[in-house]
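Please read through the structure below; I'll follow up with questions.
Labels run A, B, C, D, E and F following the written order; every chain starts at residue 1.
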């Protein structure tokens, strides 16, 4: 989906995030961290060494926090009133996604399926994001 | 004033915020940072020294970011689906409040009136927050 | 409880902390983090899941560090020479309190009683703080 | 180039960066920050308001630091001895790129052309990165 | 000079600071940041370019904060009750030194003389520190 | 020992690191963190308490990250093209040293021997650094 979106977009596709604002936003920032969480979960399942697992758990905590942060930035800084009117599900989508990166989601679980749930939500957000960029 | 409050309150009233979750949340965290922003704005208006003003601007930037962070944490970690059902305005309220701490709000302005707008929004959130704690 | 407090207080009661200085300080910042530590300790005692416990331990480490930071800021930025003259115990009180949030205190222990010791010290500091605000 | 790479890769292409390591790396992280710097430079040129410019300067400083960080992570954590053998220019390329995000580059300049130089270097690194992923 | 020192010292002389505690402490951490502040002040005086000066001011702010942090760590984590008994001036010395890295010191001033005052206080602390290590 | 050193050195010998640049650099920053890692490893070996060990592991993770950061800063900000010409091994030395502070080094291991390897690499870098300061 995202790949398709990028094909349709002839101009540079890096998008982000500072609150100047610079006007550059990209859901890829949240997605990369969520991919990392999934990778951590998979390695965690395959390695029962307690030192490795302790490291995995707190690195996953940091990565989950980064997912939350990148999503919050999109929700507050990128999306504007007309977007929320056009996509009334956006608020709930972001709330669900950030919760999925928290204690009831990837922070509290080492199940890669939980990371997949988060990735799907991020892709739902990404789909809307890219639609608004083309509008 | 606050000492009096504490005397009247036999049990501690501090509430916060980690994503264990510890179960402790308190809108005061966002409010304290917003009060700080207002204080910075007032001192900025009274002092035209360029070095002081440069310092004021980037300290205000940090404080505004902290307001956003504390509010995002409440929105994602404290408030649950039943709250959003009971208070359908909550999503928009948080989106407005965090925007008010951003480029179009206290980050981009040195007007104390902008900080007051932010404080009012935080108080709107606080009012709902404390209702849910008493429910 | 707090809502009531706020109703009774016509003027804002948030106080903090940046080193502009903005003139806003509030021991509540340290207290909220210490309350969080106590909450973590209690949840830790009730949950023997190793993943939960690992998360609890490093979140508690961060919260303890925040307690230390907020107290250091009060000690260095808010309190001035006349305060130290009037309250000669202040230096030791802050040193004790910050040590109680360190390796020999809430960082190194999961006993809620240790968090209570820290909370009491913060309240001792808070009591003096509010006296100086009323002076 | 990157778009082409992604077309060749049927499966998800998010790659990053934690030092577990999770095995997920992606030069897009550095690129997004560099795009942001360019955006900031362009807005800086168009806006002579001193408050806006002060904000632009320290946000650009942070973004430049993030570029350096993301590149350093790739250089130390992703690239291995066989890569450095196959691409003997890699060390210098990373040193040049990180310098371009420093005092002599995007930190010290507000010229968008400097951000473009940085973007080109990141693309040079990205080209090699994606070659190693396909090897 | 330092190389010579290292040649003369067969065993390592680095000392620091984590709150495990690891048992490694070194006032050099605070001193290096204070030296940096002095360097910044000198460059600030010689360069009236507003962009350079803006960067200098917020980098100096960060460096001053680091000085405070490193000193606070020594005061709380390294020094123990017997030290405070033997050196009753220690509390005030640390309070003065951290204030000198704050708004009334190197944060609020670009005068290298202020950085020198800070350096002298750090050396006073360092002198006591090394005496306690030899005791 | 160090006190003696300081007595012998009439002029300050602290050197660091901000990217103004202030012109102050010192490999001691990386070395102090690496010494801390070694201290942590030694305490880890002597203490099988799971809470202590969890704390040791994530504090060691942070310290290792700091080592990497301080080394990256030296590599990018301090060393210039003429240095790399004169010391062609510098790039590899820094890449090896930062890898030694990562997952395959002190992050992933609790063996003090690994910390010693890192310390030796830092000393190799320090030796070159001080030669360039005398040149």
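Everything that follows uses one rule, which is that contacts are C-beta pairs under 8 Å (C-beta built on N, C-alpha and C of every residue); 3 or more make two chains touch, one makes a residue touch a chain.
Predicted, not measured: the structure shown is a model, and the values here were computed from it.
Participant: Tell me which chains count as touching both chain C and chain F.
Facilitator: A, E
Participant: Between chain D and chain F, which partner chains are common?
Facilitator: For chain D paired with chain F, the chains in contact with each are A, E, in label order.
Participant: Return the chain whose centre of C-alpha atoms lies at maximal distance from the corresponding centre of chain C.
Facilitator: The chain farthest from chain C, judged by C-alpha centres, is D.
Participant: Between chain C and chain D, what's the gap in Å when you average each chain's C-alpha atoms?
Facilitator: The mean C-alpha positions of chain C and chain D differ by 40 Å.
Participant: In whole angstrom, what separates the CA-based centres of chain B and chain E?
Facilitator: From the centre of chain B to the centre of chain E is 33 Å.
Participant: At which residue positions does chain A touch at least two other chains?
Facilitator: Each of 19-20, 54-55, 58-59, 107 in chain A touches at least two other chains.
Participant: What are the touching chain pairs in this one?
Facilitator: A-B, A-C, A-D, A-F, B-C, B-D, B-E, C-E, C-F, D-E, D-F, E-F
Participant: Under the stated contact criterion, what part of chain E meets chain F in this complex?
Facilitator: Going by the criterion above, the answer is residues 1-3, 5-6, 8-9, 11-20, 22-24, 26, 28-29, 31-37, 39-40, 43, 55-56, 59, 62-63, 119, 126-127, 130-131, 134.
Participant: Write out the stretch or stretches of chain C touching chain E in their complex.
Facilitator: For chain C paired with chain E, touching residues are 19-21, 65, 68, 72, 75-77, 79, 84, 91-92, 95, 98-99, 102-103, 107.
Participant: Across the complex, what residues on chain C touch chain F?
Facilitator: 53-54, 57-58, 61, 107-108, 110
Participant: Please output the residues of chain A touching chain F within their complex, sorted ascending.
Facilitator: Within the complex, chain A contacts chain F at residues 51-52, 54-55, 58-59.
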